[in-house]
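All remarks here apply to the structure that follows.
Chains here go by letter, A, B, C and D, matching the order in which they are written, and residues are numbered from 1 within each.
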């Protein structure tokens, strides 16, 4: 059906009201970078579409030790924020300049793999998402938001409205590996956040993109290294474990075999990057 | 000595430059016309199927639906683009009849008031298909019992009674028997899309005088006009094709796909009709460069001379051959490479599979031969204990040599080109190669 | 992590012109009364610069300035027949047709100029700047525009020319393959340097340096543009592109520019070239043609460079990182089997 | 629901268009207003040929419902071309042979203008990054990069001139 109505609510309550009125058939769109190509090609034929672009969800603010990111904040805004370096880096490695000017942080959480590079960084940062519906709000860890390939915990009448990221993140590293260097789908994306105390890893979050039905944590790899010093044997162990536990897939870009192999390589390289950053910091300190 | 030239040989500015940098250059689908309709295609969702029924009833109810075209509407539905130069048989269906031979094959065309309505109606066409076994590999397609793709009963294009384009020169078997080394290789390449940034497209416009003006980005306006005239069975003088400005071709716009249907729809509706590929159509259903499998066997002497070469090549034509038979002929004529080889045998097969048809692309028939042969040359060099430069100088053809297809070489400059490349990269060449020329061997080109 | 570097080369010929002939192109030229020459054709400009190059050939052959030539092409109501722009045929075929048409138009101009300048035809020459001069008499010259106007208004004559170029159709002997499959041969030799990451299998092309021999260059800047763009496309074919990533399996065919892999600006290597000119006997001004061939030589040069870097013989395109890794794995397995065998042999002796 | 009237500022001039819901800015520019320098290479956001500036920032007009630019400033290549001659970037594209078929060129020049607007002396890497969303099938990118470098130099030398 040709689109009958394009709804552009000016506030969150208006958006929630429209969603409630039109029900789950309403296609919710923010930057349009994923939905519009499907509509243009006639693959998606929605009757009604709601844009969140003007619903007042575009701010990025630091509140205490939390960075609050409106779901409709653009990836360009995320590049520019200086609260969390990992997020700037992830956003900078996503798509192209024009697409970053349009694509939103919230939208990135709905982008099926191998897309969704920012979501991988958010997962490593232990972000939480605020969901809002006609009956109130709830906040979920991002890790609980995903339920499967292109499925999530969002109820039919809820909108993802905000993302909370703790700014005390410890040491981080981000690597997106694609077949090209820029504007390309990931073979694998790795985002890591570590905390170390007395030379030992006290907490580790290793998030992987394009290595499962949605951004995933490499929980066994994390468990395998907590309590150890970040040295080469430990790094190898994390890499091997992550490669073993990930659930990659084959698409036009890469096979399952190659992705699994690259998970190992890039988890290792990301952890080595943490070590290098530490050495740089030490070097600068001297 | 030729007289001095005024403008040839000078890097004068491009005559279309200002148009391109200001965006004022008009490409075919930059035109638009009041009342213009949009044509979109219902395509086979499977690789090979019998078509039992096409149900348009729901599509017809979409607001903005104007008409649908099926094979029954196309006056001369089975054609061969190279029929213009005498290539037979007629084999491609403008719109599929009882069988779809590749995923994406056009089955019906929908004409609607807007592109959105056309896409909507396309999505609502119901196809009753019986899926058939399909074949995707060139050598599998030649085995007994393979699914037959064509409508005449075998999976190769026939060259004057042969299932392949043949070249026979000298006696390869005798030469293999006395060669010091035999070097064999098999080379595989996957299909490639021309991927011009402007997709294939046209607009057909009914004119006051009963003619049709077709704005098109074809690479060959008369090729397109003449094939359209045949397919629609209307005199060529009722067609006026306007083009010449093409947003990238690379061979991808030599087929005649969009013009016949757009013109037919314009005839049927008496309104301008636009038919342009979407990007995914350009990527997934437009002709590709063929996939190739090339077997090369060379007989080589201890000193590096290649005395025999046998090449067996298979190009994956897909479901229809389009320009590919011609590519195989060009390939066969060049499968010995730029080398003087006294004994050559070449069999080049154009093979039908249930794949998107392949057709022309930049380097037609040659690009993948060059890949196979030049990798093979390095293998030969290694076997003969020579470096990659030496093996090529030793075997380079000269003016006056006879190519396997019996033509006397006239414009050989491989040796001079290699000398220039060596100088460019600082590669030292032995004196004998520095002194070598492409002049006739009888004229001291030793 | 190891990064291995290697260099590879290739040398190729490229047959230009639609191979078996029988592919005529026509050109019609007429002068307007303001001294412009309209060149009517039916060839297409795909971006290679056909309008420019044919304009240069027409201006040269007519003996007038480039700006006095108008290329009117690919309108079938005004343009004469042409087979189309493919097979590196346009500059060769259309250029020859234009030269023939220009010759006829020149003769028509000279017919009028003889009367207007009261000079013998053999004493007339074009200065290439839009004038016809009487040799040895610098004060006796006329603008081509004035001659064209005089032809129309004073003599009632047309200044026009017709040209066609056709290589006769050559049959192929179905048994031996004897045929005449080209008009002329251009050549290229490319040297590529690569770096291979042995952990990821990625191939980085560091440089593509080539020598080309393309006959006469009508427009060297456009030739260089073809060589640079072709080097990119060759690299793209060698390492990235396909519509069937798992051929012969037809699945996962790309639908857009992110799935259909092509290198971007970031991946561009250093590109360098030299161009030799050995004019052909049958091309206009000795042209051979360059458009199609420039993607060819880089492909085997890159693949041969990968061998030089890694010892892997690759016989498949595109060369994906996975192909490299699997090759390196197999090599490593073979080496460890061999060394195990060595150990056994040593122990056994 | 029927059509709506949307107003925006196109190249400094206010325009009013009547559109069906969710008509893209690209379709409005090309087919209602005749601004065909805005190209249509993919309508997937993947080629960059339709790039326009919205409030000075590059965006893909094929992905942008025109309702979303209501009241905003939109700049296409038509508005970048000065009344007298060519912009420095356009001139540089000519001089460096930064196009062949010309289909990607409008998008490339729009992005170049945006880049030089933000960053008058970009490094090669910054130029390459800026073009990551614009695909050229003909040139191999090198002449395009050279053109932007050339345009930046031309601006710098002009700025350095007294008076």
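A few points about this structure:
By our rule, a contact is a pair of C-beta atoms (placed from the backbone, for glycine too) under 8 Å apart; a residue touches a chain by one contact, two chains touch by 3 or more.
Quick caveat: nothing in here was measured; it's all calculated off a predicted structure.
Counting C-beta pairs in contact across A-B and across B-C shows that the higher total falls to B-C.
Taking the mean of the C-alpha atoms as each chain's centre, chain A and chain B sit 42 Å apart.
Centre-to-centre separation between chain B and chain C, using Cα means, comes to 17 Å. Rounded to a whole number, the gap between the C-alpha centres of chain B and chain D is 34 angstrom. Note on chain placement: the centre of chain A and the centre of chain C lie 46 Å apart, centres being C-alpha means. Multi-chain contact residues of chain B (touching two or more other chains): 13-14, 16, 114, 195, 245-250, 278-280. Chain D has residues 20, 42-44, 46-47, 97, 99-103, 128, 132, 135, 137-138 in contact with two or more other chains. Residues of chain A found to touch two or more other chains are 2-3, 37, 40-41, 182-183.
Arrangement of the chains shown, judged by which pairs touch: all-to-all, with no pair of chains left without contact.
Against chain D, the residues of chain A that register as touching in their complex are 2-6, 8, 31-33, 36-37, 39-41, 49, 51, 53-54, 76, 95-99, 101-102, 182-183.
The residues of chain B lying in touch with chain D in their complex are 13-14, 16-27, 29-30, 32, 114, 195-199, 245-250, 278-280. Chain B contributes residues 5-16, 47, 85, 103, 136-137, 140, 159-162, 165-169, 185-193, 195, 218-223, 225, 239-251, 253-254, 279-280, 283-284, 288, 291, 326, 329-330, 332-334, 337-338, 346, 353-356, 360, 362-364, 366-368, 370-375, 377-379, 388-389, 392, 396-397, 404-407, 409-414, 416-425, 427 to its touches with chain C in the complex. Contacts from chain D toward chain A in the complex involve residues 1, 20-22, 24, 43-46, 48, 51, 54, 57-60, 62-65, 67-68, 111, 114, 128-130, 132-134.
Residues of chain C touching chain A in their complex: 199-201, 240, 245-246, 252-254, 256, 258-261, 263-264, 266-267, 320-322, 325.
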